[in-house]
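Two complexes are shown next, each including chain A; its partner changes from chain B in the first to chain C in the second.
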Partner chain A sequence: MRRMKAFALPGLIAGLALSTAAAAFPIKAGQGTYQDPGITDDTIKIGLFAPLSGPARAYGEDPLNAARMWYEMINEMGGIWGRKIELVIEDDRCTANDLVAAVKKLVEQDQVFMLNGGSCSAAAVAAQEYVLRNKVPYVMLNASGDGALYPPTDYIFGGISISQRAVGGIAVDFVVKHFNAKKIGYINHDDAYGAWNLETAEYMAKEHGVSLSVESINPNITDVTAPMLKIRAANPDVLILTTYARPAALILKRAHELGFKGPIVLTVTGTANLKQLVENVGTKDAFANFYVQDVINDSPDGPKQRWIIDMYKKRYPDLAAKPDHPTPYMPYGVASAQTVTHALMLAGPNPTRESVARILRTLTFESGVMAGMISFGENDRAGQESSIFLKFDGETQVLQPGVYTSRWTYKP
Partner chain B sequence: MMGDWQVYWLFLQQGIASGLVTGSIYALLAIAIVIIFKTTDAPNFAAGEIFMAGAYIALYLLIFSQIAYVIAVPVTLAITFVFSALFYRIVLRRIGVSPAVAVNVVIATLGLSFVLKGIVRNTGFGDVPRSFPAVFGADTVQIGDAVLTTQDVAVFALALLAMAIFFVFFNYTRPGRAMRAVGMNPRAAALVGIDLHKTRMLIWGLSGLLSALAAILIAPKILMTADMGIVVILGFAAAIVGGFTSLPGAVVGGLIIGIVENLVGLFVSTRAIVVAPFIVIMLVLAIRPQGLFGGPVVIKKV
Partner chain C sequence: MTRASYIVAAVAAGALLVLLPLLGSGYIVYLANLMLVYIVLALGLNILIGETGQFGLAHVAFYGIGIYTTAILTGRFDVPFLIAAAAGVLLAGAIGLLLGYVSFRMRDIYLALSTFAFGEAMQWVYRSWDAVTNGPNGMRIKPAELFGFRIATDHDAYPFVLATTIIIIAATVWLRRSRLGRAFRAVRESEPAALAMGVDVRRAKVIAFALSAAYAGAAGGMFASFSSFIHPDSLGFTETILVVTMIVVGGLGSIPGAIVGALVLGAVQELLRQAPSYQEILYGVILILFMMYLPKGLAGAVGNLARRAG
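Up next is the complex of A and B:
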């Protein structure tokens, strides 16, 4: 199927490409009645949601702020086809019940045109049945949401930050190319998240002809002696961790105590707060040979990320002054909002939910934010499948050369 | 390169050594659960959240109030003691006058668990996993082939010391004996002049104190989140294995659960670590329904 390529400009230019493009289409949208709710001659209503309270707030608050600042910028540039974006914001608390309730309210009560939200996969996946039944285009915020992406559907698009299936495959690709690893230790979770990333890790290990020693652990594990001891006994060239932050800290600590000296690569699942990770591990010595995965196009303080950080600081000066802000997940929100605005623009002056969903199914564009292109396809509803890696010594991050991509594809 | 048998021998030694450390914490929690159950005939489902709250109180005192360890720990223990005792005095004593006492107590403790978790989450401290400052360093100690940290050794030693103190308290002091009497036969205890409510209040206080002590000992190892109270499930498992009404049983049950968790993870699968305690429970209940140290089964109601 032919793919539409909207923009391929790097950095800031790419980031601002849409607004320029929107301004280049000064034609006023068609006047009259519209077959779908949430759209008028002057406005288009988008339901934006994320966990804004509760324990997972840190995952969603800043990506939502980032999405909002992108939409506000588009409005300042004249909107899309002359229509201003009207946001209706809801708190999904990262729970399935709250997220589905928020989606129902947005669709039925607020009558939004389309949905953009969700930072937690399990919660986002719970909205699948409702969204498909009502045929509302739904672009996830920063949830990977693999459960709703494979098999592909007509209305749900996610993995804008990265899909879990891509996470494992990319990590294997990196350690094989960067360390020439032949024997790889791999610790994942024994939940759906872990199963998804292991699926592609095994695929890429097979493709490279290397072996994986896998230990799957419960996310609530309190004593990681057993998995770490087994990994050490397997004597791998490198260890990949695809766990959440807390088990990752426990494993790093135990690996150091047990004298594991090989490189350790932590995927993006556990890198939300590296400063806290160092505090939790307790010693910088444990980071002597440590690498982290990131899904943006540069190190967080690198030149390619400058424009988005500056934009955030300008929009939210009070928030930016707080410690640990912007959060590492913040830029993902921009890429997600870009996906929505690109699709709306390409759908023309009289978009319908159906035409926007059709555009999304084959949309490809350079975000100027993420490591790889945002790209959907016939059997692919995960937007981003590339990442970079940084060496982290407990204090500074040094970008490693190359962008790594998972070559796993969904086979219907 | 080690041969298979050397690896298995290492696994066995490390599994037992690490299992004893975590098991000693489960044992403390099991004691906290058992002393409540013996005197109120209902499990305390807020035990996990009292454990969690204890850790956060200590963290607040140590990090945010910059209070020295030697003061922060006793203050934390005192706060949890008073809080738990007051929970009995204000809530459970009132509930005790209504029918269906056990069910109401269970619901009240569940309510307390939600309240405590909500409070910690609303402080903002519970949003990210946090480290708890350890008193002892991360230097390693070799025991056979097993490697433990000095913190591990200290956790085990302090947990055993706490258990020994409780043993002396329950067996050789007047309030301790009164507690045992209330646990065995409250009516007879009341007849000989023991104040049931005061004694139960003291038991709730001690249970809270034990939970907080366990939290302070284990927090540097497991990291703190608002959900860390889930560890108490393993305390319940230890209590069931031990017999639920037996204090020595709680200790042995805790150590068994800790060791089994590690050995199953090492010799079977790391995926099986979380189910291992429950398999032990099923095995123990199938072979010895009253638990390893429980007395004969008594049917109170028909």
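Up next is the complex of A and C:
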């Protein structure tokens, strides 16, 4: 803990301050009966879920570990308003049916007070109707969850890492400001993610007065020659990729073979394992002019991220000793759990589901983890809409100056 | 097992099914609804693979047709739920008939591959036909209304799902005992022998495809009665394999086997969620043990026990 304090930790300090204030507050959490399930004088139950098995495990396990370590830390400091956080953990397998089953179990069987989970957007959207009907505050873990965030609802909050709608707009903003790009090549997926990020990319391109040459590809594509030839024919100043890692590797390889020299920017959708990306591309030369988007407040090994990494190593020494751990997505879980604890804290000593949801609707705080503030608003249920960029040469990442923020807003 | 013990078991199961919504939480009733859907899916696939011996792997595609047809007709055209669900059954059956007609000359691996391709193509359609299916965003399903009663919860949907399942089980038992059911089994055992016995093999195969698809379409309508969302990712090959596993574990060609297989696999899937680190291994071990020690499935094992006991 001493070591953590040595760093500038706005989020942690905010959490500590709130916890200390709550612990010292003369009003002990109300005694007696509570109108909502999952809350007693001494505990508050939170349903935490993510894909913990199957191929999507890589997206959810470490963010869930991170959220858990944040909750444990809060408990060690006395809990929230004297109540210890009791976690009920479920595996949602990243599928709609399993996530709905997990949510129903948590709400009806385990009687949790609120929900914190979900790493897969489509699956998270499946729970929307149930969550709204039961009026349970639901904060997504690291799913972008755009499908459940727009149009905004009263009980669902997500995009804590970043919403897909923010991803595309920010990438365009970066290439215009950083490279003075006028013609932008843009390769996205022909799925929901692709449609969402393209929407804001087009918005930002229009705002900057630059052109966008778009190629939408299937996430399972095996030959990217055709889209790359079309992109090359458009002769863009810079190429943005909002694809997953596997298609990104194919594109980088082919771009290198075709002699594309312009900067290539890969958004956070494809940056889960950069070491693997280099291996898949097969040559570091393809990364000569390559940039990656990240949504945390520093490079992964930068000083601002140190406290999270140290905390993770302390809590999970065995896991931290494994290769590629913590995963790049790990810190997102901390920000998501912070969102929950901040809302519970601000809801006062006798929180109800309704009061917590009301707090969440206008909650704004500095996480000390993510690139921008976590902030919700009237028509905005996506918490984080900023990112940083790093130049990656196949080995090292160098932080580029500036934090870029999406200016797209949802119009009801 | 004596006749009396069968009756006692049936009465106990019936009482459990009736009391379930009174005793179980929404989560338990949701699982029950899902398992009843699995039962109908398994019964349908059992007609094709277990009864007729045709290795079709497009079952979940027809399930999707049932779900999407119901969701689109109720959501966009305000068609009453029962009519929409019936339309899903008919459409799935009609496309199944067509697929059966096209592929009736194929056998074994070739039939499996061609139906697999159809299943994959249908998932692509669900994922790509944005204007109709809402593509990769998934589609919200409007809450069903039955006789003026709005189905808002899993408890509300349970009587409909249960009643439909019972009707379908009864129809399946009747079908098995019918002339057509005997024709299916004759085709499964030997096509030349069936032909020699005067069975119209082509007709039997095509009808088996259509019926199997219609069952899947019905399962889709049932799913749409209690679920509020469908995503194309839920209609992939993994789901197909799950249903195939259900009828294999239960016992190919057996109605009780398909039912028990669906219940056991459905329960195992849910229980294994509590052991995320080991579930793939445990699932694999369970399947291997079944194949090694119960090659005729649960139905075969229960039959052996009954014979020994009585």
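Everything below uses one rule, namely that the second predicted complex is superposed on the first by the 385 of 412 C-alpha atoms of A that agree within 3 Å, B and C clash if a C-alpha of one lies under 4 Å from a C-alpha of the other, contacts with A are read in each partner's own complex, and residues count from 1 in each chain.
The rule we apply is simple: contacts are C-beta pairs under 8 Å (C-beta built on N, C-alpha and C of every residue); 3 or more make two chains touch, one makes a residue touch a chain.
For clarity, every value in this text was computed on a predicted model and none was experimentally measured.
Visitor: Do chain B and chain C fit side by side on chain A after the overlay, or clash?
Guide: Verdict on chain A: clash between chain B and chain C.
Visitor: So in the superposed three-chain picture, is A:A101 touching just chain B, just chain C, both, or none of them (first/second/both/neither)?
Guide: Only chain C is touched by A:A101; chain B is not.
Visitor: For A:L399, using the defined touch cut-off, is the partner it touches chain B, chain C, both, or neither? Pick first, second, both or neither.
Guide: Once the two structures are laid over each other on A, A:L399 reaches no partner at all.
Visitor: Under the stated touch criterion, which partner chain does A:D91 make contact with: chain B (first), chain C (second), both, or neither?
Guide: It touches chain C, and chain B stays clear.
Visitor: Would you sort A:A320 into first (chain B), second (chain C), both or neither based on which partner it touches?
Guide: Neither: A:A320 stays clear of chain B and chain C.
Visitor: With the two complexes superposed on chain A, say which partner A:G54 touches: chain B (first), chain C (second), both, or neither.
Guide: After superposition on chain A, A:G54 lies in contact with both partners, chain B and chain C.
Visitor: In the overlay, answer first, second, both or neither for which of chain B and chain C A:M77 touches.
Guide: neither
Visitor: Could you look at A:A192 and tell me whether it touches chain B, chain C, both or neither (first, second, both, neither)?
Guide: second
Visitor: Could you tell me if A:D223 is touching chain B, chain C, both of them or neither one (first, second, both, neither)?
Guide: first
Visitor: Chain C clashes with which stretch of chain B: 2-10, 20-28, 38-46 or 146-154?
Guide: That would be 38-46, the one stretch with clashes.
Visitor: So which bits of chain A does chain B touch that chain C touches too?
Guide: In the superposed arrangement, which is not itself an observed complex, chain A uses residues 54, 57, 190 for both chain B and chain C.
Visitor: Can you check the complex and tell me which residues of chain A touch chain B?
Guide: Residues in contact with chain B: 54-55, 57-58, 190, 215-218, 220-223, 225-227, 229-230, 233, 235, 245-246, 249-250, 253, 256-259, 272-273, 276, 279-283.
Visitor: In the complex of these two chains, what residues of chain B are touching chain A?
Guide: 1-2, 7, 10-11, 14-15, 18, 22, 121, 126-131, 134, 138, 140, 147, 149, 218, 221-223, 225-227, 230-231, 258, 261-262, 264-266, 269-271, 273-274
Visitor: Which bits of chain A are touching chain C when the two form their complex?
Guide: That would be residues 52-54, 57, 90-91, 93, 95-98, 100-102, 104-105, 107-109, 122-123, 125-126, 128-130, 133, 147, 190-193, 195 of chain A.
Visitor: What residues of chain C sit close enough to touch chain A in their complex?
Guide: 25-28, 30-31, 34, 127-128, 135-138, 140, 152-154, 227-231, 233-234, 270, 273-274, 276-277, 279-280
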